[in-house]
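Chain naming follows the written order as A, B, C and D, and within any one chain the residues start at number 1.
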Amino acid sequence: MPSYTLVISCPDRVGIVAAVSCFVAERGGSLLESNHHTDVAQGWFFMRNVISASSLQLGPAQFREEFAPLAAKHDMQWSLRDNSEPQRVAILASHASHCLADILHRWKSGDLACEIPCVISNHENLRSMVEWHGIPFHYVPVPKENKEEAFARIMDILQRHRAETIVLARYMQIIPPQMCREYAGKLINIHHSFLPSFIGANPYMRAYERGVKLIGATCHYVTEDLDEGPIIEQDVIRVNHSCDKDDMVRLGRDVEQAVLSRGLRYHLEDRVIVHGNKTIVFSS
Amino acid sequence: MPSYTLVISCPDRVGIVAAVSCFVAERGGSLLESNHHTDVAQGWFFMRNVISASSLQLGPAQFREEFAPLAAKHDMQWSLRDNSEPQRVAILASHASHCLADILHRWKSGDLACEIPCVISNHENLRSMVEWHGIPFHYVPVPKENKEEAFARIMDILQRHRAETIVLARYMQIIPPQMCREYAGKLINIHHSFLPSFIGANPYMRAYERGVKLIGATCHYVTEDLDEGPIIEQDVIRVNHSCDKDDMVRLGRDVEQAVLSRGLRYHLEDRVIVHGNKTIVFSS
Amino acid sequence: MPSYTLVISCPDRVGIVAAVSCFVAERGGSLLESNHHTDVAQGWFFMRNVISASSLQLGPAQFREEFAPLAAKHDMQWSLRDNSEPQRVAILASHASHCLADILHRWKSGDLACEIPCVISNHENLRSMVEWHGIPFHYVPVPKENKEEAFARIMDILQRHRAETIVLARYMQIIPPQMCREYAGKLINIHHSFLPSFIGANPYMRAYERGVKLIGATCHYVTEDLDEGPIIEQDVIRVNHSCDKDDMVRLGRDVEQAVLSRGLRYHLEDRVIVHGNKTIVFSS
Amino acid sequence: MPSYTLVISCPDRVGIVAAVSCFVAERGGSLLESNHHTDVAQGWFFMRNVISASSLQLGPAQFREEFAPLAAKHDMQWSLRDNSEPQRVAILASHASHCLADILHRWKSGDLACEIPCVISNHENLRSMVEWHGIPFHYVPVPKENKEEAFARIMDILQRHRAETIVLARYMQIIPPQMCREYAGKLINIHHSFLPSFIGANPYMRAYERGVKLIGATCHYVTEDLDEGPIIEQDVIRVNHSCDKDDMVRLGRDVEQAVLSRGLRYHLEDRVIVHGNKTIVFSS
């Protein structure tokens, strides 16, 4: 069913729900889904409405124009997305295939509502898999001595493909600050530990050495502080004394791809609102 | 924070959220929590609002009076609860102590917002535990040849204690149809299987014989159809070949009490709306 | 590390572990992993030993020859597998791609120790994916009026490819009794419900109608009794009132492929022993 | 069924299982349960055997005497417990009741095979609950300026009650090094976070501030390094943006008591072997 998604966050005041729902109702808008959250401690309000497109008497451009004064009055941060226009999601991958393969399969099955204009990797080994899906593959090596030029090329490719969201599918390279800022709130990473445990390198080895009984993965927005960005989704899996580090790596792969694909889905459906360094996730 | 909870279900139409939120906003009401659900296929709408009591310019009686015309116009089923008046929850138990002990401990810790006016059991063994909590204990044996009289006594006790919600904490007796109707939507059972698996007696023995790898429990409203009422909450726990039937009973107890206490909490916080034979559960 | 896996089940008697472990130790065998289970109620004993190949002073053929008298003395059912010879796993698929794609990706990544000599399907849509993996794809339609001939062709293909294990990756066709018997204990199905809930067709629709709060999947050996064979592995995922039947299908896919790949791994590593209609699963 | 539990860890060599199982079999011992683990990387072997007492032709004292030479030959660390003699478990609690109430209920239901000779607390509020269970309650305040004397009193009480295992049921006081050493491998704590996340104080507040999507609890042996001891068991529960810190505390309580009671059960059944700073847990 064609629909628009209206997402709002603003200071909490009496009458905001009334104002927004009256605005929508007066234009004939039928709500397919509506999620609210009030952060009582901080006095902040968050809202997501999915509105049936066919019920509305105006298009998205006019909606935005008419909504702007109301939004301004209530100091809203807001967006209206036309869900008939799938987002353009570029994927950065390294050598490991599991997260990329999972996303590509979901996309090809029609299970993930987006376009994938390109995959960029610093290795060649996944080219064939990507191209079999009919997606352009760009090989951009990232030499230690000249990362700057590599990321300039990557930024260029992303812009040519008009990427709106970037997924780091176990990309394993540190993203330069400028790119973090450019794609703030649009750059999604999967970290292979249950953050804040095992921030940084080699989390499985450190989990093995510590003797934890669960290992996990964390999907988060990338910020300039490595592994410190707003968390979108996490999950864990049980391990025991019979698991060596390689078993943890293997078991962890399943959690990584599950957590990344859930986090990406929430993001694509505008279910995630970043507030400070935390997220509101209106998971269905 | 003192609050009221307004719960609504009605045919879905454009403007209902607007009407309700305008009604609340015009009376100064500040929303602490708001949950919506539209069943698009059935054209039905469900809403739960928690309103700060101190923000409202009127009390609950007047709120109900003024809201009634709006509710009638939209064919709403609705209720407004003053959360400063805890519900009165009577518990029926049999010989097993775990679910009862768990609820009593949560209640005593201030973790479950209700009053427990009485516990009724067909065994004497839990009397001391109940009375230590300062709660009246009624021993009502249920002889096979005269169940009718026993349940008449039980109904009488429930009414004298003005019980609003009845919890069957592994009560193990079939509730007569009249009592099911009398307390429709207010009579909560915990069944010791993952329904609809193993409906009826001895679910753990049957789970053991089938060789399932997970066992579970189901919290549901009691209807005249045994084990067929609307499901509120379910959960499972892993078992394996080394578990005999007694191990399953032991492991199952933890799931039963967890599922029952979650289901009861959802019920007490008016998070559960029964629609047909299913539930909408606005779990936080 | 090259290894053999010795799997034994027999009536429980004092001295069996001693006899087997002495046999292995006398031939220099170093145990890499050892799992035991005694079913005390039934008086039956189960054992799985992984033995370092390089530590043994004899090869698998001679091991089997020398072990046979001991096995006979204790009425053992037993097998010794040389783990350097991967099993040959044929896959039967229908229209849905997710379980097949998952197994193929794990196999291609070197994560699943087996050979996949062929995929057989009653639809053509997955041919390209299978062939991209370098695996022969056989299209065998199964017309309602002539299933017998279709399954004769399938049996012929399986035998030509010397398939040892058959995986039904959401195959959706009822396997004829003769094939069930031919591949008893080697024919693995994934059923899209938490058995014994929703045996038979359309489990997601029935789960939706019942209003369950968890949906699941079951990996089991196929027997002539549909959906009644020994269960290898099960798992569930949480759903709620906002999930319609299509959401359940989508969420269920992830559980199906996870449960199938775990069950298949256990089978390939000889961790599963069928006893009556149940399984011992020495999951690591 | 009366039984002994024999637990062994030693350098891995060919023939150890054979030697131990021959020793047991020669004395008529019937194995009820047997768990093995080989740490191939470290070359270390771990074994737990539960032996039917009635099948053995000798008592535990004589078993130990006859087994000692074999153990010495293979450099074993080992123990043989007569399971008809329940362990004596003392509990240290502070103000929070949930973990203590859970353990006491399990013990009273006959679900936890131990004796509880006493509960010690630095608060008086749980006295009535403990004494209702018929267990001596010792109030030992721990003033900041004189912790040493307090812990001397605690040690004295523990020794008078011949406590073998000490459970810190949310005790909230740092255990002095001498007591850690005295009860090494016998002093069990529940930490209210998923270690190594949020080591130290106020883990729920820090989890809330970080915006994690799962919170957890960790049961571990206490060592002189706070929160760094060998982990026995962990688990997590899902939280979301609607949970404030108090909700996390409430939800966390259920995980804490579940994890502590599982960990304690494993310990009491001699399923846990400490090796370095990690544990082998032969969970059934």
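To be clear about the criterion, a contact is a pair of C-beta atoms (placed from the backbone, for glycine too) under 8 Å apart; a residue touches a chain by one contact, two chains touch by 3 or more.
Here the structure is a predicted model, which means the values were calculated and not measured.
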Fill in the blank from the handout: Outermost chain relative to subunit A, judged by CA means, is D
Exercise for the section: Name whichever of B-D and B-C has more C-beta pairs touching across its two chains. Expected result: B-C
Exercise for the section: Mind checking the centre-to-centre distance between subunit B and subunit C? Centres are C-alpha means, answer in whole Å. Expected result: 41
Completion exercise
dist(centroid_CA(subunit B), centroid_CA(subunit D)) in Å evaluates to 36
Practice task
Among the residues of subunit C, pick out those that touch two or more other chains and give their numbers.
Solution key: 33, 40, 240, 242
Fill in the blank from the handout: The residues of subunit A that touch subunit D in their complex are 37, 39-41, 194-198, 210-214, 216, 230-236, 240-242, 244, 277-281, 283
Handout entry: subunit B residues touching subunit A - in the complex, by the definition given at the top
Key = 1, 12, 14-15, 17-18, 21-22, 24-26, 28-36, 38, 40, 55
Problem - Interface residues, subunit C side, partner subunit A - complex - result: 33, 97-98, 101, 105, 109, 111, 128, 132, 240, 242-243, 247, 250, 253-254, 258, 284
